[in-house]
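Two complexes come next, and they have one chain in common, chain A, joined by chain B in the first and chain C in the second.
Right, the complex of A and B next:
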């Protein structure tokens, strides 16, 4: 009897203790969990995908443990990413073959398993312990993730569509909450789950109540409050005022007189809507629901938020343009070359785009940080760590996969990527400002994250509203 | 057919290789760091020095060297799990790190970095770049210490407060008698215990003057237990079930301040997580250098309480190897009921068979003015459970009187008895294991009376305070000679008082620092000129409170 009780406790702990989405102090893997959970079948596919990719690529990586650990950081990530992305591609094809409708609706997010925070972390942590123990850990992380996804879908699908796995469960007369199946609903559902489950889990002693220390109060009293401090320091001199004024005038005159230059004018007419679209109406955080884990974490401090945002802008813009070049000049040309020599058409860009994108990004960021460290020490001290933090990040990969394979031109992809970067910066700084205000007086870091998710939900709702207005 | 496959593979390979080549070239040209040294220290005197290349992040370095540092986010400063304790100053938190540390650790860090107080501070390993020689502390879980699995096969209550636990390891382990293992207490149990008894533990910590460490999830706890057995495939541990009163001093060993009756609950309590028969437990080890010396010597075994375990193993070894030297076994207990009756016949038989072996049980009484000579009901019951033959043996050897009413053996403490049984002998070796007060006083007495050399007093230092205590005692011994040479009136009495102050007020309360201060002051008085007698009296007075 004692044994049975013990096993139940152990099993529930296995799924719920340190569950990265539902209970862990610092959450990971939010992006896909918000985006795909509007249907149970999507959730199941996604959970299975993460499990398959992580375990499979770990099994492949493990024999080369020695090689990877001696290769140095700059090769380690590329090597791991190649293997992971190949597995993601394999899973993508399987999904397309067996569940084509689901695969079509969540294709983008299946691609982004590559940069799912859980995958790479679980693998590189697993390399330090022995094989089966590591697989156990991976199983725990991925099953927890899948479990959270299924829970979320159980809330969202019946409320939104009135169905579970396509079978209708609610009576026709029951009102359908469309909010629940929109991206915005994801935030509310997740925050709701985290808030509702918490007392229950605490009662069942599955999670442990952390010491009630108010993180934000600590930050405020600690003097590490850089934003107001720096605001006091800045004294705007007359010169700066005049320069800013002149700059604004110049900008306005360019915009007004841009019509005089017909080529520029057409360019402007094309790119401004694209930029605005990426920046406000179809933002990467608030409507595509990506890049949320670093957003939640880095928004705890305003200066961290600013620097991280700038780093994101630089990396997304530059790496996307680099990726466009490689995609168009190597992959497409290579495929054409192959097509010349054989009747069987192998389109490299359709199979291997993920691998190439992620490797390019990894190499680019590594190289950039090495160069910065050597030649611009001051810049590196300020920004370098943030650059490296986004080597493997869904925002960067997404700004490539969302634009380039659709056949967009160089300028369009770059401008979109810039827009995505700006959007991320904007959201992270706003969130940081809001969290600084301590709206709800949270008791610990855990609750604070939940509140931040709620705030994001509110922001997403507002932006959806703005998106409804047609300007152009 | 195969052409496109080869071609595509070729194109991809060239692309990826070219990219890595770019990365490698840039790294070789600009990114190479200088040679640095990484020192890793841990519990159980673990120390390792690694030669590394500077400029890398600490987390990747440690992970590539095979240390298991948890990092759920993979070094993105998101999860905050990769905290390490650094002994070297490598700069304060970066902006992304600050939210992961609470007020207390922030203050610690500030103190360490700005004022140099404390010996270490915490940072996230993923945000530290190794630019100089770094020394850090890693918890035991992250090292690759081999863990053994074992099952509990038997639990026997050998006295009212001692229990023998038999565990069967999955594979036979290789150990020397006298060594100890570290039993891993399951995390679930630790957590449960903390939930129930947090206030008790806090109180106990305050009483002991230790810092209270709240439960942190994800850490397992280890407790040291000496092996009482000789066989490689069946291990016996003796566990003392500490009194339930939390204000009493704690068990020996283990993590500081986990609460005294911790193990008691683990073994006895009717909780879901306790150590029941058939339970799978894990342990690391074996550790320790507490083993019999090879060359012939006169051995004195001193055991008390749960310290019986390694002594049992050593005695076993002594007789299995058939050593013929003189051996005396002092067993210090409170009353007859505390002597494990299970082992008594064996010891008595050894004594009858070997004229060189002497078994001296010494009873001290359970509390002040308690006379252990008069057996109470429990004592009598314990004794009457013995077989008739063994009872006769005990009576014949003069431990119990004929009516089974009275204890005829030694009473009091072991220290004063030493010169009754032993003569000064350079080949004498003491093997001690038991409560700290007993160990310290016996070593003190032996050093005074028998001229015991410091190297010949062997003990296992579970709490980390015994080794310095013994060091202090020997320093005091040196000074004693000097004081005697000074021709101060009543020198003997003063020395007695000094010893009392030192042992009872300082060493037995784990005040090692103050002990060293005391010795320092004493040395100053002895070596300086002036009114030595008065100065000594003043020193004694200052410690009277």
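Right, the complex of A and C next:
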């Protein structure tokens, strides 16, 4: 009996200690774990995908360990992401061929394994130790991720659909809670798991209370110190008030007078719903559940939140329009050209779109930071560090992969990307403001993140409610 | 000069390292693309056959008390080729290849139904992505035979329930003239009314507008076509 008990302990330690989603202080990989867990089969596919991609790309990268570790951070990240994106494409094809129905419903999130934080974190951590040790670590991280996904799906699928793996388990009369399979339910389920599992795991000594809890509180107080200073800055002078008023009047008059120009008016009627939709109803964070890791990290301070938000808007909009041009003029035309001469049909835009998007984003961000360093030193010093991080941000890739391969026009994809960026800025600033209020007096990083996830769930509920009201 | 050198070295190393998996990717693509194409072909044909309610061979397996439903691919192809003719309409305006196709179901020499595919942007709850429907009418062009949802990005559980038979079944036998109407908070009674999905009014309204617009478009185009 003692042996069995120890065995259980060991297994649950393997899965739950330092589990990046359920128990780690600074969580990673929330995005996909929330988005795909409304069905168990989706979760299993996703877990398998992450495992395959991480192990495969690590095995490929490992021989070039020295080359990578001597290069700069940015070079390392771009190289890793390019290789990861190729492996993701391989997995995507396998999924489409062998489990087509599942692949159809989570295709968007399979693409986004590329920017899954767990993959990059596990690989770059693994590069510091020897091969088999690293593979063991990667296995642990990925199995923990898959385990968390399955756990969430076991809560959400029976409550929402009444089924597990497509077989019904609950009686017909049992009420179906539609909330659980919507994005809102994802936030609540994750926060609930994190809150409920914690005391149990602490008692079983699978996780330990962080010693750093007091340090965290110290940083929290440090964080709130500059608050009075910034509050003074916000005080509005008469001049700004007048400017804002004039701006609002101008905006309203533009909207009213735009009807006099019929071409502009039709364009406006097409793009306004798209922008509003991307901004509020189907936002990248609250409905598509992406970009959550940087959101949790950057919303600790309002200042950082603003800067990161602005950087995200700029990079998302510009890189998506750039990606559209490259996708349509290079990839599609290139494969049309190949189709003329070669007997085999090779659609470049189906094979390499992920890799090309990643390369474009990396090059664009690099160029932007070089330009800023040369011509606007002050701006670079303020924003530089945020720019470097953005390459791995899922929103930038997502706004490209969600719109461009579906054949959206240039303006539609750009407007959608702008809407996504604005949405991210709005949510991050809002969350930062809410977190400063210290609703529950958090004691450690664990609880703080959990509370932030709960708050996000409430926000998502609000926006889903707004979306139900018919405006158009 | 030094900077340029390191830059070139970096780009070169990236290309060299990325070359190996790219070769693998190409091989995987050549291996899987026929399977994927096959799946999509069968899916489309099944949707067409289901809407016209043409029977094809289905298989049922029993494993440990669960019934697994399958279907015979070759039979689907055979039935499809026998009873459905696909015509390519003349290109009028900018249309994808898919949208120019007109599906006709003939039994003997008699025309039983006409179907077409439309993909549109900005309908339903999710305004920034396309919805794709297969709409099928009786030969009088005024009565719906049924619809099939080919592609959508609505919220699962809410708007996503439009793929369920209970919702789609309402459209059989509906009158398209003057237009179809969505009703909520009461049961649909008239022969051009259908019930909204509970909790997804925007999606239902989107489908209403979608079908009306698509059908009117189709009528406008087919003015010069002879049936």
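FYI, the second predicted complex is superposed on the first by the 420 of 472 C-alpha atoms of A that agree within 3 Å, B and C clash if a C-alpha of one lies under 4 Å from a C-alpha of the other, contacts with A are read in each partner's own complex, and residues count from 1 in each chain.
Simple rule for what comes next: contacts are C-beta pairs under 8 Å (C-beta built on N, C-alpha and C of every residue); 3 or more make two chains touch, one makes a residue touch a chain.
The shown structure was predicted, so the numbers you read here are calculated from the model rather than taken from an experiment.
*Asks:* Residues of chain A touched by chain B versus by chain C: which partner has the larger set?
*Replies:* Chain A has more residues touched by B than by the other partner.
*Asks:* State whether A:97 touches chain B only (first), chain C only (second), both chains, or neither.
*Replies:* Only chain C; A:97 stays clear of chain B.
*Asks:* With the two complexes superposed on chain A, say which partner A:132 touches: chain B (first), chain C (second), both, or neither.
*Replies:* Neither: A:132 stays clear of chain B and chain C.
*Asks:* A:344 in the overlay: touching chain B, chain C, both, or neither? Say first, second, both or neither.
*Replies:* Both: A:344 reaches chain B and chain C.
*Asks:* Where does A:69 make contact in the superposed view: on chain B (first), on chain C (second), on both, or on neither?
*Replies:* first
*Asks:* Taking the superposition as given, does A:124 touch the first partner, chain B, the second, chain C, both, or neither?
*Replies:* Touch status of A:124: first partner only.
*Asks:* Per the contact definition in the header, classify A:38: touching chain B only (first), chain C only (second), both, or neither.
*Replies:* In the superposed model, A:38 contacts chain C only, not chain B.
*Asks:* For A:300, decide between first (touching chain B), second (touching chain C), both and neither.
*Replies:* The answer is first: A:300 touches chain B but not chain C.
*Asks:* Return first, second, both or neither, reflecting whether A:78 touches chain B, chain C, both chains, or no partner chain.
*Replies:* both
*Asks:* In the superposed arrangement, what residues of chain A touch both chain B and chain C?
*Replies:* 75, 78, 82, 344-346, 352, 355
*Asks:* Going by the contact rule set out above, which residues of chain A touch chain B in the complex?
*Replies:* Interface residues on the chain A side: 2, 5-6, 9-10, 13, 18, 20, 24-26, 28, 69-70, 72-76, 78, 82, 117-118, 120-122, 124-125, 127-129, 141, 205, 208, 211, 213, 215, 218-219, 222, 224, 293-294, 297-298, 300-301, 303-304, 307-308, 326, 330-331, 334-335, 337-338, 341-342, 344-346, 348, 352, 355-356, 359-360, 363, 366-367, 370-371, 373-375, 385-386, 388-389, 392, 445.
*Asks:* Give every residue of chain A touching chain C within the complex, in rising order.
*Replies:* Touching chain C: residues 38, 56-57, 60-61, 64, 67, 71, 75, 78-79, 82-83, 86-87, 89-90, 93-94, 96-98, 100, 105, 160-161, 167, 178, 181-183, 270, 273-274, 276-278, 281-282, 287, 344-346, 350-352, 355, 402-403, 406-408, 412, 416, 419, 467-468, 470, 472 of chain A.
*Asks:* Which of the residues in chain B end up touching chain A in this complex?
*Replies:* 1, 3-5, 7-8, 11-12, 15-16, 19-20, 22-24, 26-27, 30-31, 55-57, 60, 63-80, 94-96, 98-100, 102-103, 106, 127, 188, 191-192, 195, 214-215, 217-218, 272-273, 276
*Asks:* Going by the contact rule set out above, which residues of chain C touch chain A in the complex?
*Replies:* My answer: residues 10, 13-14, 17-18, 20-22, 24-26, 28-33, 35-36, 39, 43, 66, 121-122, 125-130, 155-158, 199, 201-202, 205.
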